[in-house]
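Read through the structures below before going on.
One chain, chain A, links the two complexes that follow: it is found with chain B in the first and with chain C in the second.
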Partner chain A sequence: MNPAIGYAAITVVAVASALIGFYGLRVSRTTSDFYVASRTVRPWWNASAIGGEYLSAASFLGIAGLILLTGSAALWFPIGYTAGYLMLLLFVAAPLRRSGAYTIPDFTEARLESEWARRVTSLLVIVIGWFYIVPQLQGAALTVRITTGLPAWAGSLAVAVIVAVVVAAGGMRSITFVQAFQFWLKLTALAVPVIALLLVVNGGEPPAQLTPAEAFPPAAGPGDLDVYRTVSLMVALLLGTLGLPHVLVRFYTNPDGVAARRTTVIVLVLLSVFYLFPTAFGFLGRAFAPDLAAPGESDALVLLLPDRLVPGPLGELLTALVIAGAFAAFLSTSSGLVVSLAGVISQDLLGGSVRGFRIAAVISSFVPLVVALATESTGLAGSVGLVFAFTASTLCPVLILGIWWRGLTARGAIAGMATGAVLSGSAILGGAALSALLPGMRPFLEQPAAWTVPLAVLVTVLVSRGDRRGVPRGTDAFLMRLHVPEHTRHRAGPETSGRMPRQ
Partner chain B sequence: MSDERADAAGPAPDPREPAGERADAPPARVRVTARSAGSAAASARPALITGSDAPTSDIAGVYVRSLIRSQLRLGIVFAVGFAVATASFVMAIAVVPELDATFVLGVPLSWLLLGVGVYPLAITVGGLYVRAASRNEARYRSLTEDE
Partner chain C sequence: MPESMLLAAAAGVVAGALAVGVVLLLRRLVVASRELGTDVERATYQTLHLASRAAKHLRGGIDEVDAMRAGRYLRALLGCESLALVDRAGGVTVEGDDAVRSVAGRLAAEASASGKSQVQRRIPLGDGETDAVAAPILADGRAVGAIVAFAAPVRAGLVRATGEVADWVAAQVELGELDASRAALAEAEVRALRAQISPHFIYNSLNAIASFINTDPAQARELVLEFADFTRYSFRRHGDFTTVAEELRSIDSYLRLERARFGDRLKVTLQVAPEVLSTVVPFLSIQPLVENAVRHGLESKEGGGRITITAEDSGAFAEISVEDDGVGIDPAVLESVLAGGAPGEHVGLRNVDARLRQVYGEEHGLVVETNVGAGTLVRMRVPKSQPGRVAASADAALGPDGRLER
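Our next item is the complex of A and B:
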């Protein structure tokens, strides 16, 4: 591959992100108040922005790579990433919008009236965010290594520095327009190459390296389903989506709970369309690039395939487009995460000042960088899947029970979060060592959500039941606020929707 | 927000009104509730601990609790429905071996179906849920506004 294409595409995206970030800073200064302005955001824009922030390295590179590597079992990842928004719609979207909370720590504090519940939630949000950034940086490392020939660490370092500088300088705030644009950029950057490749391949030139029956053996197909692993993965992805730190603030920009629901349905549509293309890339890869099917290497499929199938300038153009889209994915997801993490860290630890936010932004970019440099990526989709398992075991029970169950107490929530964190954390971190000792336990340690989530819920409920201090005083009022539709509360007032948060 | 009671000088005090205000301004609630006494029982019957404004907040509370219950039931029904439909779809793909041998554009039909088939299902379930949830809220609104 011509390294000049890689350099050019990466530079263009990096400069564009920085410019949009700084330009956006001026926009957000001239706007009197971001949250006031955002109440006018249309569901389509909002949904595009959610998609733009959500679609990460795992979606852009990881899914196609995993389809190439493991076969149809990988098709469950995009299904889960999408259907997670269905669960969000069914159990969280409208009530969370009505709660007036910007972040999950805000929500737990308001719901449970407990500083400690807030602190534990903040800690978990920070850990989840950091481990979600790591695969983005590993994706960047892979992209830089494949496309420019530079050492892999240069890619991780570049993304971490760009994100830290842009976020700390105040750019790339949760500007709906920028993130919405990112979604359509990522969609275009995959859709155009896929359509071009399908047209080229349909002409019969170059011929497939494997016959269809070899490329898609029934042994790797949908008929050969590992029920436990699939169910556990689905539990992790469906419930983990609820707790992602950078998703919640987007729901606040809906005018009311009903609009939050409508936005979520549009997100379902947008993600469904998007995931057709990584899936198609994966299918093409199985027939045309079977030699890339190695752990760690298969994630490069999306970057390499256009050049292999379409020689000449057109292929180089498609490659540049894919590289740009991939870098946009790393930057947008990482900066969305760093913004929300820096908010939590500066608010809870550094006194909430602007300086504190900047320090926190730099910390939030560099801790994941150290982890990314110290570890080897074995597959982007898989490592993001583990972050979802951890989120599903820790934040999801508290969110769902907090919204739907009157009896939740601060002690119950903290006990449940601790249980989920310890169980899923040790399965994820110590799983490899443990399954070497006990091979029969391997699936349960590699996909822990199916048992860690129910246990976390059980502990939360039991400890809440046994909590002699009872439920927080404002529980009924808070639950009413979550569930009663907005325009019922202030009858006939002009400000029936889009209420501001309490002081 | 606490001056809203004066602004909302409606024709008659609405049972919904004080509770609605309470949701907006929790600091105004100074009542001491029995936090330690039998939390399980109290959690089942919150009206027992609300004191002197019990008559009004009781009716409002009943409506709110029934709204929460019906929305929760709705969410669970749709989630289970989605899970059952997905599982049946996948099992149907798995038990028909001909799908593995039928190729469309060089890809087995079974792979294509799993790759694209679940998304329309999720969108459909989501769209139906939005309508049903809004219906529940409309029912709640007509109940409380008929008072």
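Our next item is the complex of A and C:
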């Protein structure tokens, strides 16, 4: 592969992101028309922005790689990543928007009236965010290594530095339009190559044959799925989406709960469309690049396939597009995460000042960098899946019970979060060692969500039940605020007289 | 296996953090046990500790929930078997054996009526007997409840202690009432500080409208409606909070009216991040800044000038600023105005500043950058997360998505 393409694509995306983050919107948003200035973000834009922030390295590179590696079992990942938003839509989106709490720690503090619940939640949010950034940096390392030939650490370092500098300097905060742009860039960067490759493959002389038996041998088909693993993975992905800090923050751009719901529906559509393409990439990979199917290497499939199937300038162009999309994915997801983490860290530890936010932004970029440099990726989709499992076992029970159950108490929430964190954390971290001792336990340790989430919920409920005195006083008022639509509330207000029609 | 490296590294980090935590905890324990001191000191500490734990719950009065939470500590404090807290209405909260409930109610009523401690011995209770002492809780000379301690037997020490605890509870309740009235005072202050619509502005607007009635009736009608909108928002009675979007709407009405006088001399630039439109801000907290910029910055400047209103997203905060290129303010004058002296000009700034400090804390006051002839830049920084505060929107004309509908 020609390294010049790699350099060019990466530089263009990095510079463009930084410039748009700093200047682009400052110019475009300036107006003297109040009507224009007070226009809120439309659900379409907001949904694109959520997509932009959500589609990370795991979606862009990881899914195709995993399909290449394991076959149809990997198809559960795009399903879970998307369907998580269904859970968000059903249980969380509108009430959380109505709560007025801006982050999950704010929410737990307001809901449970407890400083300690807040601290524990903050800690978990920070840990989850850090471990979610690590795969992004590893994806960057892989991309840089494959496309430019530079050592792998250069990619991680570049992304971490760019994100830290841009976020700390005040650019790329939660600018909806930048993130929305990133979504469409990512979609284009996958859709165009996939369609081009399909055309080329179909129109080649002689037409390339895609033998289904080769692409999807029965051994890798649905008939061979392990029920427990699949269920557990789905629990992790469906419920894990609920607690992702950078996604939740986005819901506050919606003016009210109704718009939050509408946004979520659009996100579901956008993600469903997007995931067609990595899936197609994986499918093409199984047919035409089976040699890449090795752990750690398969994630590069999306980057390498265009060049293999379409030699010449067109192939180089497609490769450049894919690289640009991949880098957009790393930058947008990491910056979204760093912004929300820096918000939490600066508010809880550094007093909420501007300077505190900057320091926190640098810390939140460099801690994951250290972890990313010290470790090596075996599969982006898999490691993000583990972060989802951890999130599902810790934040999700508190969030759902907090929104839907009066009886939740601070002690119950803390106990539940601790249980979930310890169980899923030790399964994820110590799983390899434990399953060597007890081979029968392997699936339970590799996909812990199916037992850690119910246990965490159970502990939360039991401890709350035993602590009935601890039910916060404002529970009823708070829950009413969460569940009564804003519009009704306004209607019920004393001053609802109509206003004179204008000509 | 590289994944295991990741796991090992993460495990290392977690283990390291845990180890540090354990060491800190142990150190604290060692230090604490070394400094625990004599038995007397420990007993004093224990008493004060229980009292402070209980005090937290007594500040809100002695209704059921609080009494339940405080009762536990009070019982430990008195060292009795069961303890009942009875509120003014006769509601009994029992900590310990629930069988004493009716006796407690009766004794408490007696104690409250007489204003003195009551002791009753040999109360039959299930399989045995117990003694009880009831002491009235007298706040401001009137009984707000009573505390009843059950023990077998009740000795003089317990009687005295119960009386003292009752007095202490009364003090806490009084303090709680003080807190409540202080909060009410602060709220009233915020209400009183709520910016008042300036008489000059009404006078000027009406004059401007009058000048259009003959020449341009359509424009005059438009302005009257604008005036109606503006006053409706400003005279709103309920709700101390609003959203940036609504505040902008009111500023729009205000500036349209001012433009009727200023004409092209008043230019406006807006730079508003849509992410902060739904941020909750105190009612009429941005409009006075704009009014200040017009009245004290641009009115006296020849050729008018430009006002720039920006609202941007800054992590967990929304940063709102109003800038004008008018005549500026003498920093010394401004300082004295903000410090509370010399009312008159710029009273709007002081008003907003005071309310912001009142609501969000001292570090959230206005930041003003200005000098004579150099224009004025006023900034405020408001947390986006305000779960306790609801923006009261009474406006039916505001669309469901918060947009201006015309």
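Keep in mind that, in the parts below, the second predicted complex is superposed on the first by the 466 of 503 C-alpha atoms of A that agree within 3 Å, B and C clash if a C-alpha of one lies under 4 Å from a C-alpha of the other, contacts with A are read in each partner's own complex, and residues count from 1 in each chain.
We take it that contacts are C-beta pairs under 8 Å (C-beta built on N, C-alpha and C of every residue); 3 or more make two chains touch, one makes a residue touch a chain.
Just so you know, these numbers come straight off a predicted model, no measurement behind them.
In the superposition on chain A, contact of A:Arg481 is made with both chain B and chain C. In the superposition on chain A, A:Gly431 makes contact with chain C only, not with chain B.
In the superposition on chain A, A:Phe330 makes contact with neither chain B nor chain C. Look at A:Phe251: by the touch rule set out above, it reaches neither chain B nor chain C. Of the two partner chains placed around the shared chain by superposition, chain C is the only one that A:Val339 touches, whereas chain B remains out of contact. Judged by the touch definition given at the top, the superposed model places A:Arg469 against both chain B and chain C. Once the two complexes are laid over each other on the shared chain, residue contacts for A:Leu89 go to chain B alone; chain C is not touched. Of the two partner chains placed around the shared chain by superposition, neither chain B nor chain C is touched by A:Phe77. Residue overlap on chain A between the chain B contacts of one complex and the chain C contacts of the other covers 258, 469, 473, 481, 487, 490-491, 493, 502. Considering their complex, residues 25-26, 29-41, 99-103, 106-107, 109-110, 131, 134, 170, 173-176, 252-256, 258-259, 296, 339, 342-344, 346-347, 352-354, 357, 371, 374-379, 383, 425, 428-432, 469, 473, 481, 486-487, 490-491, 493-500, 502-503 of chain A touch chain C.
By the touch criterion stated above, chain C contacts chain A in their complex at residues 1-7, 9-11, 13-14, 65, 68-69, 221, 225, 228-229, 232, 236-238, 245, 248-249, 251-252, 255, 267-275, 277-278, 280, 312-317, 363, 383-390, 392-398, 400-404, 406. Taken together, the chain A residues at the contact with chain B in this complex read 72, 75, 79, 82-83, 85-87, 89-91, 94, 198, 202, 208, 212-213, 215-216, 218, 221-223, 225, 258, 261-262, 264-265, 268-269, 272, 275-276, 279, 283, 287, 404, 406-407, 409, 465, 467-471, 473-481, 483-485, 487-491, 493, 502.
If you check the complex, the residues on chain B that touch chain A are 1, 4, 8, 10, 14, 16, 19-20, 22-26, 29, 33-37, 39-40, 42-43, 46, 50, 57, 60-61, 64, 67-68, 71-72, 74-75, 78-79, 82, 86, 90, 93-95, 97, 99-101, 103, 105-108, 110-111, 113-116, 118-120, 122-123, 125-127, 129-130, 133-134, 137, 140-141, 144-145.
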